[in-house]
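After this come two complexes, each holding chain A, first together with chain B and then together with chain C.
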Partner chain A sequence: MRAVPYLLSLPALLLFAGVVVIPLAMTVVLTFHDWGQYKGIEPVFILKNWQEVFGDPYYAEMFGRTFRIALIVTVLTALLGAPEAYILNRMKSPWRGLFLLVILGPLLISVVARTLGWALLFGGNSGLVNKALMSVGLISAPIPFMFTETGMVVALVHVLMPYMVLAVWAALQRLDPQVENAAVALGAGPLTVLCRIVLPQAMPGILSGAVIVFALAASAFATPAIIGGRRLKVASTLAYDEFLNTLNWPLGAVVAVLLLLALVLIVVGANRLVERRYAQVFG
Partner chain B sequence: MSRNGPVALVYHALFVTFMLAPIGVVCWVAFTPEGFLSFPTDRWSLRWFAAIARYPEFVSAFWRSLWLGALSSAIAVAVSVPAALAIARHRFPGREAFTALFMSPLMIPHIVLGIAFLRFFTQIGLGGTFTGLVLSHIVIVLPFALRLTLASAVGLDRAIEHAAVSLGASEWTVLKRITLPLVVPGLASGWALAFINSFDEVTMTVFIAAPGTETLPVRMFLYIQDNIDPLVTSVSACVIAVTVVALIAMDRAYGLERLLVGRGNHGGTHGR
Partner chain C sequence: MAFLALDTLTKHFGSHVAVDRLTLKVEKGEFVSLLGPSGCGKTTTLQMIAGFVEPTSGGIRLEGRDLLAVKPAKRGLGIVFQSYALFPHMTVAENVSFGLEMQGVAAAERAKRVGETLDLVGLGAFAGRFPRQLSGGQQQRVALARALVIRPQILLLDEPLSNLDAKLREEMQIELRQIQRTVGTTTILVTHDQGEAMALSDRIVVMNHGRAEQIGPPHETYERPATPFVASFLGKTNLVSGATVRPERISFAAAGLAGTVRTRIFQGNHWLYQVDTADGLVTVIRQNTGEAMPGEGAAVRLAWRALPPQSSGEVSASSRTEGS
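Now for the complex of A and B:
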């Protein structure tokens, strides 16, 4: 009888051992292989690729850009998404469901289609976004969005926003409306209620949403590739180039493995921090 | 609970505009009568939808994506049902580790998985094949299938099964009349969520799809990299339409919030 759960898990275990663990291990091994324009991949053990990535400032700049964009996107989704989740939470029944569908729905719509929409909206200096911003007087000259970090950030904020709203929404669901009412009854103003009651309880949701958004923004591919074009590279588009254009697989593998390691460290570290800080909330 | 003030409602309107603008714009441009990108105002045309039929690579990529999604999601659900039963009904050493392993494709960036699969499939001779695509898609959609099968396995009240047995039902009858009807909505939603994720996947698939085995998102992505014209907007508009229909169906059948938040209060009233 003790073998039953193992037998039940066996198909999934075999699948994951064969199709996840082994390929990932092979990728790590690949980073130590040699590569040449004419000789291809040589199965030897050298540190050349790692030295190249750590030695060349080009890679430091590229990783710097990747994580800078991810950080800005995370902060913006939190600042914009958390209030929206709160507004959604206070809506009445038919509207609440409808707008939840409208805001979370894009999560399931193809990233390529959504990014194409931004490429159309940006469309050079005469794009719709610039026209709209200039007509309301927010800017005086058109901002370049295509092939810039600004454009990448705007498109990524849109692509990843549903994850933040979802996380904050889930946290607000646990909030007891009676606590808010009690605070009001005891004479607290709306701002006090927001800062002292709602925000502390929404914080675990904001933080867990931030971890998800950061990880997805740092490893996003289709959006930076379409908005950034061929010149403005982030880690994932650089790895893609090494694999499918330059064909220097070992070097591309180093970039990918470094991205994975950095993300695992950041995500695990952030989760530890959140759990320790909010142990009583989760417990 | 207090109502939203005017400031909140204005913010909400701007937010919804931001979320819908790029999607709306794609669908709008798709109806242009011109041969170049433009926003149709007085004249609308379906010429770019008709033009899709003249590009067999989009049509065949669409059918391939459909088959790939259906097949890999079905296998993912089939594999995750026994695993979900093990995790939900048994306490055993390694239970947490298994769950973490099966959920890991959510945490590993798809770009890394794509690179790993490209190397792996090339080495074992499955490079650029449909089999390779199916294997990789099973893995990346399994967490979604598992989450929903797990939710229905946890939410399953075993007292109902015991009651049926004590009233004289055979094991087969219990399975057919009690257990399956209770878990089928969860399995169907798990399959649907897995299907949508497979159908939309581009980052990993772009590495392992060869010219003969491109999926629709990969075909669209490669097309956009070269040039953006009204044709790709009409293809995108079709993809958006299919997703919206699936979304509304899923929302009616299971509740989108429950599907995405993934809470296991299946069946509602009992327990907790």
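Now for the complex of A and C:
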């Protein structure tokens, strides 16, 4: 009788094993196989691929760039998304719905389409964005966007912004408006209320939004592929290249497994930190 | 000159009149309750005094100054919200300290006053806890301490005890009254519980549909209700022989209205009777003095002292009792 719950969840477990665990295990096994230009993949057990990735500074640079971009994107979405969510939360009924649609609408459009839009706007030195920035007088010479980290960051911030806004908005919705009134009644000005009452309570939302955005930014594929192409690679586009262009599957597998491991470590670690910090206060 | 004066204070929400020409004078140190059913405009009145709701018309004066010209953050009032509205991310001590920080009180003085106030409400041992680690009654005390520590000119309490269970509520009533006596702060309490209002207040403002139906000391309001609404809201009433009579003012006598006991309920310190009479069902409350009382089915005769006659419904301003 006690086995019933397990039996009932068996189909789901089988599916999980079939589409996640088995391919993942095969990928890990693949990382230990040998590969040569002419002989293809040889099912042996060697550490050559791991040694190459850890030994060649090219790969360190690649992972460094991946996580640098993810970190900058995370900070920027937090800086822009948290105020955005706060303003959204303070809006009155008809406007709030409208602007929520404006902010979340992009989620309905394919990432590829949105990034191609940015590519068009960036489009070389005479791109629209540069022309606009120059005509406003913000910059004197065009900024290179295509095939640069700057361009990737701008496009990723745009693509991932809705996740941050949603996470912060959910946290703000749980706030009791009377708590702000209580602070005002005790003599707090608007800025004090924002910094000392609203922000600390929104912090769990900002942090969980940051974890999501970081994970998505570090593993993003379409946006870096379109903005960076084959000239400026990140971990995910590198793995793709090894698999489909160089055909060195074992090496691509090492990159993919490393990216996955690093992400899992960072996300789980950040989550633990957040939970430990806030368990006492918000639970 | 009154300490706090509300002058024909009115608030409309669209076409709905939440508070209707409320005039009230509160003396320094006085404990006044706004009593009325849910939706009668009590919270709106309190929020107008606090400054979170702007009146449609009318005025509020504190020691002669126009309070409406003062920003909510500068009014210096202590407010206990119905939901307590504690800062969830701050400890008890930080919550209580916040208002003093805003006033720019030095850290040493702040710590001393926070400690004193927490002791006053009996929470000295809980300074380091977060609000969600406290029971409802303890959270209520933190809210009270946070409001009192800034030494407010007026303490505004919005249904502060309604989230507590009955036993704790009674304890807190006594404690609240003692604390208010100790610090002597002018207090306005909002409540829908007539027992609470009568137990705590120097005067009661009985509100209905945004209007003050009667203003007066609890005993007087109970004994001489100005309207049928006030009479029935403050306690049980019977209508016998055209007069309004409170159940505890009816006694079993040798002569009087004849009736038969339909039900008798024992409630510890008193007996609750329902008596069939020619005037309909009459509720009677008799103190439990230990003597034998008539049982169910017994034939009894009822004698009583009626409440003075009330004006029907609408009261003109002149007929309201404006006590003390």
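The rule is simple: the second predicted complex is superposed on the first by the 277 of 283 C-alpha atoms of A that agree within 3 Å, B and C clash if a C-alpha of one lies under 4 Å from a C-alpha of the other, contacts with A are read in each partner's own complex, and residues count from 1 in each chain.
Convention: a residue touches a chain if its C-beta (ideal position, glycine included) is under 8 Å from a C-beta of that chain, and two chains touch if they have at least 3 such contacts.
Source: prediction; values computed, not measured.
After superposition onto chain A, partners chain B and chain C are found to sit side by side with no clash. In the superposed model, A:I103 makes contact with chain B only, not with chain C. In the superposition on chain A, A:L47 makes contact with neither chain B nor chain C. Applying the stated contact rule after C-alpha superposition, one finds that A:P83 touches chain B and leaves chain C untouched.
Once the two complexes are laid over each other on the shared chain, residue contacts for A:L273 go to neither chain B nor chain C. Between chain B and chain C, more residues of chain A are touched by B. After the chain A superposition, the centres of chain B and chain C are separated by 80° when viewed from the C-alpha centre of chain A, nearest 10. Using the contact criterion defined above for the overlaid structures, shared-chain residue A:A182 touches chain C, although it does not reach chain B. Of the two partner chains, neither chain B nor chain C is touched by A:C195.
Judged by the touch definition given at the top, the superposed model places A:A113 against chain B, while chain C stays out of reach. Measuring only between alpha carbons, the smallest separation of chain B from chain C in this overlay is 9 Å.
Residues 181, 184 of chain A touch chain B in one complex and chain C in the other. Only residues 176, 178-179, 181-189, 192, 196-197, 200-201, 203, 280-283 of chain A touch chain C when the two sit together in their complex. Looking at the complex, you find that chain B touches chain A at residues 1-4, 8-9, 11-12, 15-16, 18-26, 29, 37, 39, 79-80, 82-83, 85-87, 90, 92, 94-95, 98, 101-102, 104-105, 107-113, 115-120, 123, 135-136, 138-139, 142, 146, 196-197, 199-200, 202-203, 206-207, 217, 220-221, 224-225, 228, 232-233, 236, 239-240, 243-244, 246-248, 251, 256-257, 260-261. Considering their complex, residues 50-52, 72-79, 81-83, 85-89, 98-99, 102-103, 130, 132-133, 146, 150 of chain C touch chain A.
On the chain A side of its complex with chain B, the touching residues are 2, 4-13, 15-16, 19-20, 22-24, 26-27, 30, 80, 83-84, 87-88, 90-91, 97, 99-121, 123, 128, 155, 158, 161, 166, 169-170, 173, 177, 180-181, 184, 190, 215, 218-222, 225-226, 235-236, 239-240, 243-244, 249, 252-253, 256-257, 259-260, 263-264, 267.
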